[in-house]
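In what follows, subunit A forms one complex with subunit B and a second complex with subunit C.
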Partner chain A sequence: MTATLTPATVPAAAPAAPTTRTKTKRDIPTVVVIVLVSVALLLLIGLPLGKILVTAVSAEGLEVAQAMFTSPVNRKIVVNTVILGTLVGAIGTAIGFAMAYAQARMKFRGKKLLHLIALLPIVSPPFAVATAVITLFGRSGLITNKVFGLETNIYGLTGLTIVLALSFFPVAYMNLLGMLRSLDPALDEAASGMGANKWQIFRTVTLPMLVPGFGGAFLLLFVEAIADLANPLVIGGDFTVLSSRAYIAITGEYDVASGSAYSVFLLVPALLVFLVQRYWSSRRSIVSVTGKPSGRVREIEGWARVPLMVVVFGIAALIVTIYATVIIGGFVQILGVNNTFTLDNYRYVVQGIGSDAMIDTTVLALLATPIAAILGMLVAWLVVRKLKRGRGLMDFAGMLGLAVPGTVVGIGYALAFNRPLVVGNVQLLPAFAGGAAVFGGAVAIVMVYVIRSMPSAQRSGVAALQQIDPAIDEASASLGATGVTTFRRVTLPLIRPALLSGLTYAFARSMTTLSPIIFITTPQTKIMTSQILSEVDSGRFGNAFAYCTILIVIVMTVIGLLNLAARGRTPVPVAASGA
Partner chain B sequence: MNIRKAVALASVMGFAMTLTACAADSQSGSQSEDGPITIACGAMEDWCQKMTEEFTKTSGIEANFVRLSSGETVARLEASKDSPEFDVWHGGPVDGFGAAKNADLIEAYKSPNAEAIPAEYRDPDGYWTGVYVGVLGFCSNQSSLDKLGVDVPSSWDDLLAPELKKQVSSAHPSTSGTAFTTLWTQVERLGGEEEAFGYMSQLHNSILQYSKSGTAPGQIAGRGEVAVGLVFSHDCVKYQEEGMTDLVVSFPEEGTGYEIGGVALIKGSKHQAAAQKYIDWTLTAEAQSFGPTVGSYQVLTNPDATSDDRMVKLDDVNLVDYDFVEAAAAKKGMTTRFDEEIASAPKE
Partner chain C sequence: MSARPALSSPSARYAGKELTMATTQLTDSTEAFARHADIGRLRLTDIVKEFGQGQQTVRAVDELVLDIEPGEFITLLGPSGCGKTTTLRMIAGFEEPTSGHIFLDDDDIVVEPPNKRPMAMVFQSYALFPHLSVRENVAYGLTLRKMSGAALKEEVDLALTSMNLLGLADRAPNQLSGGQQQRVALARAMVMKPKVLLFDEPLSNLDAKLRVQMRLEIRRLQKRLGITSVYVTHDQTEAMSMSDRIVVMNAGRIEQAATPDEIYRHPASVFVADFIGRANFLDAEAVSVTPRADGHATARVRVLGRDVEVPAHPACVAGAGVTLLVRPESMRLAPVEVASPGDDVLGDHGRVLSVVFYGESVEYEVESEYGTVVVVVPDPSTESILAEGDAVSLSFNSERAWLLPA
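On to the complex of A and B.
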């Protein structure tokens, strides 16, 4: 059985890898994988970033960069951006942890429902939240004004923080939930056996184990927050951030040099946070899946639950209200102004250019998802298990797609792929992006989807692999399996839950991403999120709500099918604690 | 294991098939002389949709549109000038068309039908032709104004009232042609660029946020998020009709700006014949009269086109002497300056 070796995990590459039975670590299939992954990363992220850096250090770009330090207005924008990122990172991680802890360690009714509610923001475009929040809590908001008679000002930092934290906390939730579930309950039992109470266990056992998770979640949220440009445009008020400024420079003026210069300033804090987090989490070992049997989690009951339950259900109620607003808003004339039932919004969306956008977006996201998940898992595997030298570099390169703000990725793609790639006199690649590109620019969009969603697959892969004792791999190798065989037969089954969550997330993310896409949409390839932005920006909230609802339904359907398919293929749960 | 292999294979094949399908599509498109044509459309989305639909119905030529604000259009044309993604630019203030003409992004085309359009609504060199006229106005929410205790604004200076702090909405002149019309109106009204920027930085304190699209402020006012939106009055009328009944239109008595909405041929269009047919069609009375059927009540430039009571009477409004040529020449510098000096400045 083991003799036939087809790397089914590398569909994009799939050269018939030679069957070898070497016992060295660096066997040929592994080297092939390393080379292919490196080339893919170079093309997907190296080239666009390189182009941006080159443009930013051009004479014009340097002028703008210099103005960043001299002009107080620009300095304020940089400070604003960092404040926003920090707030959203901290608050979003806190919300995510509260939800995850309740889910994993507390006993209460409605857990499944709460889980679904917590994932809702992932399957929707972020400005669904912004638009609903304006309708609910704006100056003439349904709740603030119509119920409480308040004249609140939601525009600016407050509104942005609420909207972004609510939009992005599910990332933190998913990561932390996965980690909490894979913590070995035997540790808790040991602590409690030594006389520790629940609070002491939480503080001295659970929290330290989660440190990498907190760091990772904060990083993701920080970068998501500073990269987001739809929400600052919709609800930012006079709180200007770098991403919206870069966007105006490019879409309004076609000032690529300033756009790139702003991007580089966006890049710096993002990379800094990323490096800090890596250094910090790498100092702790968190091996906890050892293949040894373990106990069961004892869930918290009684009054100790109350404070957290209040918080968790409060947040859940807010999310439900927001999405109810989105759904209802699609079926009435103008929510809050004229609440007559109508199907006009749906008619407008479905009969207009909306239907093209739905098909294009879904097809491209479906193409990108498996590529992203597999690439991410491969990178994770190489980084954790295979590479000695250059592992840091590979991990870093893989994470760049996420660490680099979406706005920067988008501008980089526009710069790198709007023209054919020519080296010397040889055209290596045709133009991928822009109106004149091959396939109407669809290739660049798939590439962006891949590079943006791959890191989350990589992260979950790395987290899962780090928790698996290398002894398991070594056992496989000592039985004569090659690296790739070990990956396929041993590692992959163990990290399958992580792979599935990576896949799910990759798809949802592709469907709902906007910041990088908006710079490379073409007339031929219409993407739903950019259509929704134009509806929201023109103030046609009803159409936007209808679009968002349709988008949510598509994402939910595909995720449902994905889960069903995965369940069908996994008759036996692999890891006792993981499934 | 086998299933997994099959799935991997299927995804590769799926990818390949989709690519081939797309390839077939784009090839048949780019070689045809009769379209499909792609229109950069600067007016209301439903207007754009109606226009392309009706054109396809009468001519049999397929037409697609992308709704883009005026600054965005120029940026996109600039970005893809080696191999243009659009064939025609239809709708939106001609200040942007003038900027595109100066940047060599559009091509002169004297349509045989242009004769019917009064000369003041045509570019003397034939680069663009006017299809409608719109007047800049204040689109106010009566109940918001009542709550604030402010009268319907009837002067530019009314907008500076402290009660209206963060109660006015305008678009960003970098992206929006409407907002640039607002900016240039100040130049004409106050007599110079410095004075205009002086006024705009005062107005900045009243602005809640600058939207990307020029029609948005009317909607924002209609929902009661701000008291006054700065938009073309026909957009305000459209929102009134769509159910935002609190909205009222007013005009500044010291004079307001206006737009000529244009149509132009994109330089290097790959479907020139079809694009020219489209332009010819947009100048007919029949084509222009579709505007009011979708709630767009701009004054139409073809004298034989429908007239409607909901359209603004140009003689009743005090208009500034709007120099479109000068405006186009100054556009880029002024929007950059606005973005740097005003849009991101802190408020007092």
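On to the complex of A and C.
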């Protein structure tokens, strides 16, 4: 047992450049997974985006892009888009905060119910709100005209803002609620110990701490608003925004190049916001530094809560009214005009083309959901655990499906998959999208569903994985497990709750998405959301309401079943024997 | 993985005793895991680990060379950032050395991924699988080897029994105390019959009393099984009490690798002397240095105007800068009137700066012309304890001193 000291005979040059670099053997199954996931991402999002960029910088595309600054018509469209995004961002964040603050810091009855109402817009199809708002507040609206005798024009910026803010505020609500709940109540206690009253605490402690949350919510809503296609088509009137302009260019004018150019103008702000968000969340926010919340939140009671309660319950009432309109509207001839009960709408939907659409949509969404969830979890696992270099890139690529506006994804898919993929003279893939494609274009639709809903699975997976001590993975490896075995036997069971919420969200999103689908639907494959659009377009609101109701019922049923299935298997053994 | 040897016959593994003993008591069943004495030789040659790229490259481990004997208990000890954990993780395979080789029984394992290395690690955070019961945690590695049924149950029961965990087998990890969780982690590692056991600060999450108890338990277990063990800690008491050899690391290099006794009494550098235990460094002047047969040297030093003969590090050179290490318990201190005979008196007087009573000892800080000197007096009688401001004379036991190159 001689003391082995560092040899003094090491040549002086050695430390700078070690002669033989050690290269560890890679864990083969993990490498296979990395390659497969990379190929999948490349196919699902890389190829469509690449096609759009190539088309946009083609000669015709560049011409349109130039006109974006020179033509007053186009300039107006850009300005419109920015105005809409800003308004929706601000109002949606305000509503979200009001709801979240009431939920987290106030004492009142019906909290659970209010929470559910606030989440309702997430699971509903894109037209439910718009159509109902037209019925309620339009020129011959139930409320504006029948109750107040007004002749309002809801089409345009006003209607769009109301509809989009109501549709998207749940995102802000969830984010801000999470932040409020993670604020350490001890901070409030410290402030009140120094003599601050409730209002001062709110103004000087709570609000400043939430600033990053406000910023994040605003940006998210901004992007959602400018990326939305369904509502501008339904309620936009002559208020044209980039997404509806791109849609008209492609489906009305058959001008792919300018459609691509418009969508690139959508893509840029969306990606910018996405990158800003990533930068923000990569720096530790003030909220997360406070550590484990200690102490107890003192909920606000008494008269102080009245103003906020009025606002919050007002919004809740509006949401309930809107969904009641959707449900009742399906059972009457023409809501507000001829209120006689009828099942004609449902008959039309269920017996006509609607039944095909229902089955097609549900089957395709059910196919896409597990793929999206597994792919999202795999990306999360690679990003958090396995990749050293390239983890940022893979995380970014995975999130692109969410960051890129649906309109852009749709146009990209139409460009990339309408024709077979040929490299050299070899056909690598058949056409996935369009009428001549394999399976009637269903493959492309499933792909769109997967790439659109995968990021939410990825995000919840990343969050869940970061909670798990890396040593647990290492323990598994040191006991002889390969990376993939560890994923299957340790990681997956531990992130199952996250996986489940990823699955539910993925399914709801697939069922209710329109903007990417509308560019690649075919006569053979009928999708409910695009059917609803055509019903709304032709003024058959009753049918649209019936469709929406059925869609909501399907989504709720599947989510319920998923939750039931999960409850059947409790992961942690709770047997306790006295030792 | 099939290369891992089965080391004892099933009949030898019988653990017949009912377990009612206190948790510290390990049973004879651990004998069943005992192994041949020639398996588990670990050799690290010229290991370099660099983090970062280009200008920002940081060398965490620098040309490290270390031979570990089969069955040896080695502790890597050092301040945070010294590279000890990185070294352990390279042995386990969780980090890839920038260059260098790791040999296990003559096989170069440096290219193998962690799951192919016949080693098991015990983690600071225990790293138990929260979704599995205690039994399932221990069985995990064996089921990966496709073991099942009665054979699996027997092995797992044996490991559980030897760690006194049989009664807790069906509990979830979060229903156990910290000490129990750590024992599950140990059982889970042990059941794999690894050639090498790795410990990454396994006791630092336990409270002080339990830590002392687990320390003994781990060491006893390791001795019985004879499994080569590499143990990382920053706690020197842990290192001193458990190790066959301590490897003191600093800035990615090994400062000294030797028995606890050697490390404490004959540290190879001022860093080691300062890091292990407490040290007084006295300015001295080497008059002559004579090599000794045991590899050390004897030096005559002038300290405080007197010539004293002390043991010395062989690298000390007469006339060059040296410093004399005297541990606080080797210092003597007496009220000025009574100088204790037989000790080599330092010479001058000091004044007591502070007095701390620990029960089993009293610790004084004495201000003298050689700086502040710490003196520990064991087993003090109440009357003998001096007060702050008392004038004292300082001396030390020259056989316990150690001369180091400054």
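Everything that follows uses one rule, which is that the second predicted complex is superposed on the first by the 409 of 579 C-alpha atoms of A that agree within 3 Å, B and C clash if a C-alpha of one lies under 4 Å from a C-alpha of the other, contacts with A are read in each partner's own complex, and residues count from 1 in each chain.
By our rule, contacts are C-beta pairs under 8 Å (C-beta built on N, C-alpha and C of every residue); 3 or more make two chains touch, one makes a residue touch a chain.
None of these values were measured; they are calculated from a predicted model.
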Request  = Would you sort A:Glu63 into first (subunit B), second (subunit C), both or neither based on which partner it touches?
outcome  = neither
Message = Quick check for you: in the superposed arrangement, does A:Ile248 touch first (subunit B), second (subunit C), both or neither?
response = first
Query = Taking the superposition as given, does A:Pro370 touch the first partner, subunit B, the second, subunit C, both, or neither?
reply = first
Inquiry  = In the superposed model, which partner reaches more residues of subunit A, subunit B or subunit C?
reply    = B
Inquiry  = One more residue to check, A:Ala442. First (subunit B), second (subunit C), both or neither?
reply    = first
Request  = Would you sort A:Gly237 into first (subunit B), second (subunit C), both or neither based on which partner it touches?
outcome  = first
Task = Examine A:Glu301 and indicate which partner it touches, taking first as subunit B and second as subunit C; both and neither are also allowed.
result = neither
Request  = Using the superposition on chain A described above, determine whether A:Pro493 touches subunit B (first), subunit C (second), both, or neither.
outcome  = second
Contact residues common to both interfaces of subunit A (with subunit B and with subunit C) = 6, 14
Inquiry  = With touch defined as at the start, can you tell me which subunit A residues reach subunit B in the complex?
reply    = 6, 8-9, 11-12, 14, 71, 73-74, 76-77, 134-135, 138-140, 145, 153, 155, 233, 236-238, 240, 245, 248-255, 333-334, 336-338, 340, 348, 352-353, 363, 366-367, 370-371, 414, 418-419, 431, 434-436, 438-440, 442-443, 522-524, 534, 537-541, 569
Task = Enumerate the contact residues on subunit C facing subunit A in the complex.
result = 1, 48, 59, 62-67, 69, 72, 92-94, 96-101, 110-117, 119-121, 123-125, 127-133, 136, 140-141, 144-145, 167-168, 170-172, 174-175, 185, 188-189, 192, 198, 244-245, 253-259, 262, 268
Ask   = In their shared complex, at which residues does subunit B touch subunit A?
value = 1, 3-5, 7-9, 11-12, 14-15, 18-19, 22-23, 25-26, 38, 45-46, 49, 64-67, 71-72, 74-76, 78-80, 82-86, 144, 166, 172, 174-175, 207-209, 211-213, 215-216, 218-220, 222-226, 242-246, 332, 335-336, 339-340, 343-347
Request  = Would you mind writing out the residues of subunit A in touch with subunit C in their complex?
outcome  = 1, 3-7, 10, 14-15, 18-27, 469, 471-472, 474-482, 485, 489-490, 493-494, 571-579
